[in-house]
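Per-chain numbering from 1; labels A, B, C and D assigned in written order.
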Amino acid sequence: MIASFDALEILLALGLTVTALACLFDRHLVRACCFFVAFALAMTLAWWQLGAPWLAAVELLLGAVLTGLCFFYALGRFFPGVSSSLERDSFNEPWSRSFARLLLALAWFVMVGAAIRYVITDMVYSPDEQPLLLAGVMITASALGAFALHRHLLRRLLAFNILGSGVFMLLAGVAGTSASAQALITVGLCIAWLGSMLGALLIRQLLHLEGVDALGRDGNPKENAT
Amino acid sequence: MIWRFGLFESTFAPLVSTHWALCIALGFPFLMGLLAALFPPKRMWPVALACLPVLASGWVLLSAYDQAGLLRWQWDVAGVSLSLRLNGLSVLLLLTTQWIGVAAALYTPGSLRLSEPQPLSRWLWPLMGVLLSALSLIWLASDLLTLYVALELMGLSAVGMLLLSGKVAALLAGMRYLLLALVGSLAYLLGVALILGHWGRLDLQGLAAVVEPGPVAWIAAALIGAGLALKAALFPMHGWLSPVHGNAWTPVSALHAALVIKASLFMLLQLWSILLPDTFYAPRVIALLGMLAIVWGGLLAWRTDSLKTLVASSTVAQLGYLMVVFPLLLGPDIAPLPRALAWEGFWLQLIGHAFAKAAMFMAAGNLILATGESTLKGLAGTSRRLPLSLLIFGVASVTLMGLPPSSGFTAKWLLLEAMLISQQWWAVAALLTGTLLTAAYVFRMFRYSFDDSAPRHHYQPLAPGMDLIALSLALTAFGLGLLAHFTLALMRGGGV
Amino acid sequence: MMTLLLALSLLWPLAVAGVVIWQTYRTPSARRDYCSVLWLSAAWPALLLAYGGEAQWTIDAWMLGGEWELNALSRPWLAFTALLWSVAALHARGYFATEQAQAQAGDQAAQRRLMRLALLWPLTLLGNVLLIIAQDIASFYLGFALMTFAAYALVVHSGTQEARLGAKAYLILAVVGEGLILGGFLWAAGEANTLTLQGVREGILTAEHGAWMATLLWLGLGVKAGVIGLHVWLPLAHPAAPAPASAVLSGAMIKAGLLGWISVLPLGEEGISASLAQLGQVMLVAGLAAAFGAALYGVFQRHPKAILAYSSISQMGMLTALVAMGLVAPAVWPLLWPGVVLFAAHHALAKGSLFMGTSISEHLPRWPRALIWPLLALPGISLAGAIGAGMVAKWSVKSPLYEMHHESLIKLLSWAAVGTAALVGVAVWRQWQQRHQGGSNPWQWGAWLTGIVAALATPLWLPLPADSVAMPPLKEWLGIMWPLPAGVVIVTVGGALLRYVNVKAPPAGDLWWLYAGVTSAVLVPMRLIARGCGRVKAASVLTSKQAEEALMGYLPRLLAAEYWMRHHASGLMMVLALLLAALLMWEGQR
Amino acid sequence: MNAAWLPVTTLITSLLVVVIIFSLPEEARRLRTTVNLLAAVIKIILVMLMVGRVSAGREDIFSFQVVGGVDFVLRADALGVMFAGLSSLLWLCTTIYAIGYLEGSANRKRFFGFFSLCVTSTIGIALADNLFTFLIFYEMLTLSTYPLVVHSGTQKALDAGRVYLRYTLSAGVVLLLGAVLLHYLTGDQSFSSEEGLSDYLNDHRGLLTLIFALLVGGLAVKAAMVPLHGWLPRAMVAPAPVSALLHAVAVVKAGAFGILRVVYDLFGLQLSIELGVISVLAVAASITIIYGSLRALAQEELKPRLAFSTVSQVSYIILGIGLFGPFGTIGALAHLLHQGLMKVTLFFCAGNYAEELGIHRIDEMDGAGKRMPLTSIAFTVGALGMIGLPPVAGFITKWYLGIGAIRAEMYWVVVVLIASSTLNAMYFLPIVHRLWFRLGPAHGQGQWPKEQRLGRLETHGWLLWPMVFTALASLGAGLLAGMPFSPLDWATRVATGEYLP
């Protein structure tokens, strides 16, 4: 029973990590969004698995459905023709930037991992018995790294969402599914959805008005002049 | 440190009238905002009418605090305990919020009427209401969950308000702000997760009792610190600030610069004082960044060409003043006297800056509105035509410069003394340099305004009262310098 | 009564000045009378005051505390000063008659000149009167300064090149003198903590550096009194000034310095220190040097007024020597001072008459030549001690010296008198050479004659203490009178000899030219230094400006980092979190 | 009985004027003038009341707490009342003058508003009883003067304003640091406390010296001591009434007055002597005196020459402090008033020449005495006073300073004084000479740069009478120095009553 649970958790954790990473680092935006939906669904499962059906429901509704819709709206899939839809992230980062972000993400991974390690020392589990937690740390660190790395607005929004899920996962992992934790996560999910919605609206609006799809180097006169 | 934040048991239970006042203070702005979204006010008087209960609630809370000392509220909702507390500092910040909020609200109709009509402008009202409610909640909340909720509400409504002007630059800046704010709160949430996981509770009072130094507390503090620093636009994460301010509507900028970033700072200080009561280096890192912020913000404001960027960059520098005080507030080896001085100076500076910055943004907004130019060069000749707006700007900038008799001066005096007692020479140098830099950019602006050689252009007349509101804010900041005793006594009453 | 008279004598000149201003604005220029009777009367109350008897006033409200006194010294002094001023004013009415006619005819320049003179004349007089009655430092200094600076207008009156040079020399030396006086007064009064001249006198006597204070005062006052070395303004200013101005300048104002000496130097006091006595020696030598040197230099002058100026220097040299005796041989002073006063009074009026005489010789009235030329020479003869008051004066200084056995000084003074006689002779001769006929005005010669009479009869009207002067006994007459013929002979012979040698007249103002040369020579390196400093300053200003500009140019590039920070905000947040965590862990693990 | 309302009302009177002026429209010329003059007269009356009370031995104190350990205190003591009297008297004169001077020009509302604010600050400086209160008004003065300096709005004026701010604000920062250091060391130190700081001498000698250096260094900028004087000549671009106010009353005197307060009331003479800072002060003042005079000599325009003369003259006050004796103190205090009167006269004259005839350069002044006799007489009086000639007030102070120097056995100071007098003569007498003895446009030679016929008399009456009044006052202050309540008398009273055992 435990082993099967473990196996399921490990699978879930792996699935989460893989979908998250795919979502974060796929330059093809539509695909990334699809991965995100997949990730959200996996999260729903994970919540279920962790024994928080309420959260699972919220995640399904807010995370997978509504947020996913937001992303596709932002991609311009609903009202095509109003303005060009987004396909690919065409920014090329200098390798130094990527490298720095990688290092930062690793460092965060270590830091958060260490913190978790300290938090749960008095628990019976060791971290490797908590695959979801490990996945949470992994997702958090890489999402943050990706967030800092990307410039494309949609990808940053995606990264933010993934990051949020990772954080929620960690929260649930370390704090269990107590009422407080559930409340925090619920609020967080709502906020994430609201934020994503706002972000999606903004992205569309920006595309519509100016064709801006990224927070480019702000040294450019566009933002400077005003 | 803990008692200063009012994290201890109260002697008296709040009265019924106090309950009502609390409800009004927290809920009324939001309700009125909704109402205003349905029926957008075109004049000042309906807004004033709606503001009256809010101010009255603030007054009731103040007198309740005066009589009973610390007040606490606690609710258990579905296993989650939410708690609020009202101590001197909360009252003070609450009153500040209400006054500035009311001023901004009163300023809004005129400002909206004069600027080009926007389809979304009616949404400003509910957002402003949410913002004020959330701010009030932040000052009062004494558990991490409520704080988180309030923080997020505040952040989202602030982003929403900033976006309303609809310009591309505003949208871009708003997008950046949105993303960074969200990520910042996630970092905060991560910290909270660690705390919750380790100690299993979220109420600050309980935490203050159980927290002991250890890796969890440290890492949680680091995460919370970094997240809130990002939201509070502390150097070097301030980059998003000036584009945001530069493009938003005037009352929005005023509220944002005066209160929103301060709320994050308030939380940062509060949580750190629980998590890191005795650390040496972390506050010093913040202080170091603060020094850099003072210089950097000053330089930015000095060299900029746009009036709003000037005001926004000055916020960065002013936050630096607050940052350099951190070692005095949190360090392990600070004697009680300098700590008390620093504490008073910190809040006086914060409140003074809030009023002054709000006034400054309004004055700058008036100038921009009237001249139709947002650059400094466009101000040429305004000293002749718009003396009052310029005077308000001047009075507000006196506070920023920390020249007497403004609150900035009194705060600086207190801070300097605290720093001298604890021999923090670098901080002293930073504070004094900041004064000079502030003077440099403020008078650079005045230099343009006194230039009479420029050609005249057409000035748009301002709506009645727009200047007066700003003036009242500026004078409040000014008068707080001499009347600081009363405000600080309020704060001191919160504890032993 | 005396107080009223005092107030009148001080306020009257002021009122006269006021009236002059009034009439400038109210009276049409054609009817403007610059030397009206009112103007002439400026000095009369003071003259009356001198004969009113001794009196004392203390006025606390006046400056640093006013102490005024009419005593044995100041009464005669005031008397001859006021008399000379009155006479000179009368003379001026005649002297300026032509100019006034021009002014009334509408000559703007003449109007301006006369107005200036008419205004500042009573003010100069006021200063002179005030310094005589003053016994406190402030009043004395006020009177002295007022007189000094107001007299500038008298010197510069004609506005010619020479007048401006003379006035310039006068003013520069006056400023130097004022500085020296102020220094001396400050020093002495500061040490003695006093505000009166009496206190200064006592202070100098007792103070450690009394001699130096005395030196400062001697030199400072000596500018006016024409101490050798500081006398250079006299021969420059006198020829240029109008005759009545020269008369008061050389007669009354020059004596102010002498009065100052007598007031502030501890003459004849008990217990004069060695250094003070030494100063006395120096003064003595300087005085005698002036007496001889001026005579020697003066005889070669061409302008009669320059010669008379040198004569004044010479005479003042003698007086300096006599005053010095008060320090060198204090015992002699009580006997000597009435003689000094008489000498001064006589010299004042005689020199005044001589100067007035120069204007007569330029506008000779149609009188018999035999009458005019003796009259012109008469004050000079008296000055040389041959007749009248001159003889009495000479005797009254000689007899105390005899009594105290200072025969060598007497001898020297007698030789100096030869110089005086020579100078007077040359002056009259030059006047003769440069004479002009006609145009003399009754006021002009009337005043002149009055002056001569007053000069010759000085002992009769001068309110000196009783029995302090007497006619010399007959047997001494020769000893007193011989210098006159000797001087005249020397001059005649010398003149006859020199006729065949082509001697160029040395320029008036002797040492002035040396001073001017030295000053301009000193100024050259100073200017160079100043220019160098200016250049260094300009260079440093330029450098700092460039540095500032460079910095300002660098600043925007630095500030471009703002965009980097904006762009990397989230990364920076990560860094900050890591940094904080690492720091905290590190600190906690220690 | 403590009449706390008296100092406050004096302060508020002019503050109220500021508010009223700013709330009046630009066009309300008549009303503004009335308010201005009325307030000035009321203030003189109030100050006279204070003078009466102080001479009766009562000192009125108004105070309230600002923050813990820091109070806002106004106290009418003899020294303060002296300065307040000077500023209120000259305020009246300068206001009248300014009304005439700015007749018909733009921005009068702003001008008079800040002008009144300036005077409010001066009164505050005069009555402040601790360093905190002093600092408040001191900085207020800095700020309120800036709009006056840049009033004309030309490039030159703006540059001058920038230089002015650079100097004064930096100085303000230094001063603030000194003040906070002192407060940290001693707590709230009232100017009226008798103890002084001698208790701290043994343990904190270095710190005390540092504090002294900071305080005096900060104040010396306003007092325009070399090498911190650079702003003053440049600030000459301001309109004449401002220059007059800046130079005679408000700014430079505030600095000098501050140094007086620091030395006498804060540190105490004894302590300052023991610290050895006084002699340094005297030397610095002497250097300033000579340097200022030399620079004045090199100027070719009237106002800069007057400005450098101010640099030189204000340091007489500092020099008087440096002589640490009763006479030096009296001289310093009296000079505070005397120099104010004389310099204001000179600046009024300079303003009149500029307004009426367009004269700015000295070589344009030939023969102006004929065209503007009263102005020229006033100028002559002021100039003679600056030289230190009797009977003008300058002589009195020079006398006291000289005596003080002798008493302190600092003979070189006398040399400095005399050298300065001579230099003063060298740069003032040529001007006087030009006025009266040269031929100029008034005699039909050449033309005035820009002649206007402003009034029935030689110029506008508003411009003329204040100047005549101050000239007479500076004459009277010298001639009747022995009168009770004359500047000298009051200075003696302050000196004997407060500082000397």
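In the analysis below, a contact is a pair of C-beta atoms (placed from the backbone, for glycine too) under 8 Å apart; a residue touches a chain by one contact, two chains touch by 3 or more.
The UniProt protein names, listed by chain, are A = MrpA C-terminal/MbhD domain-containing protein; D = Cation:proton antiporter.
None of the values given here were measured: they were computed from a predicted structure.
When C-beta pairs in contact are tallied for every pair of chains, the largest tally goes to A-B. Comparing the CA-atom centres of all chains against that of subunit A, the greatest distance is found for C.
Between subunit B and subunit C the centroid-to-centroid distance comes to 77 Å (mean Cα coordinates, whole Å).
Chain centres here are Cα averages; for subunit A and subunit C they lie 102 Å apart. Annotation: 31 Å between the Cα-based centres of subunit A and subunit B. Taking each chain's centre as the mean of its C-alpha atoms, subunit C lies 36 Å from subunit D.
Under the contact definition stated at the top, not a single residue of subunit D touches 2 or more other chains. Across the assembly, subunit C contributes residues 563, 566-568, 570, 574, 577-578, 581 that each touch 2 or more other chains.
Residue positions 111, 144, 147, 215, 218 of subunit A each touch two or more of the other chains.
Every pair of chains that touch is listed here: A-B, A-C, B-C, B-D, C-D. Taken in their complex, subunit C has these residues touching subunit B: 555-556, 558-559, 562-563, 565-570, 572-574, 576-581, 583-588.
Residues 344, 348, 383-384, 387-388, 391, 394, 398, 403-405, 409-410, 412-414, 416-417, 420-421, 428, 432, 435-436, 439, 443, 446-447, 450-453, 481-485, 488 of subunit B are the ones that touch subunit D when the two sit in their complex.
Put simply, subunit B touches subunit C in their complex at residues 176, 179-180, 183-184, 187, 213-215, 218-219, 221-223, 225-227, 229-230, 236-240, 243, 276, 279-282, 285, 296, 299-300, 303. Interface of subunit D with subunit C (complex): residues 298, 327, 370, 384, 388-391, 395-396, 398-399, 402-407, 411, 414-415, 417-419, 421-422, 425-426, 429, 436-437, 439, 443-444, 478-483. Residues 59-66, 108-109, 112, 116, 138, 141-142, 145-146, 149, 153, 156, 159, 171, 175-176, 178-180, 182-183, 186-187, 189-191, 193, 530 of subunit C are the ones that touch subunit D when the two sit in their complex.
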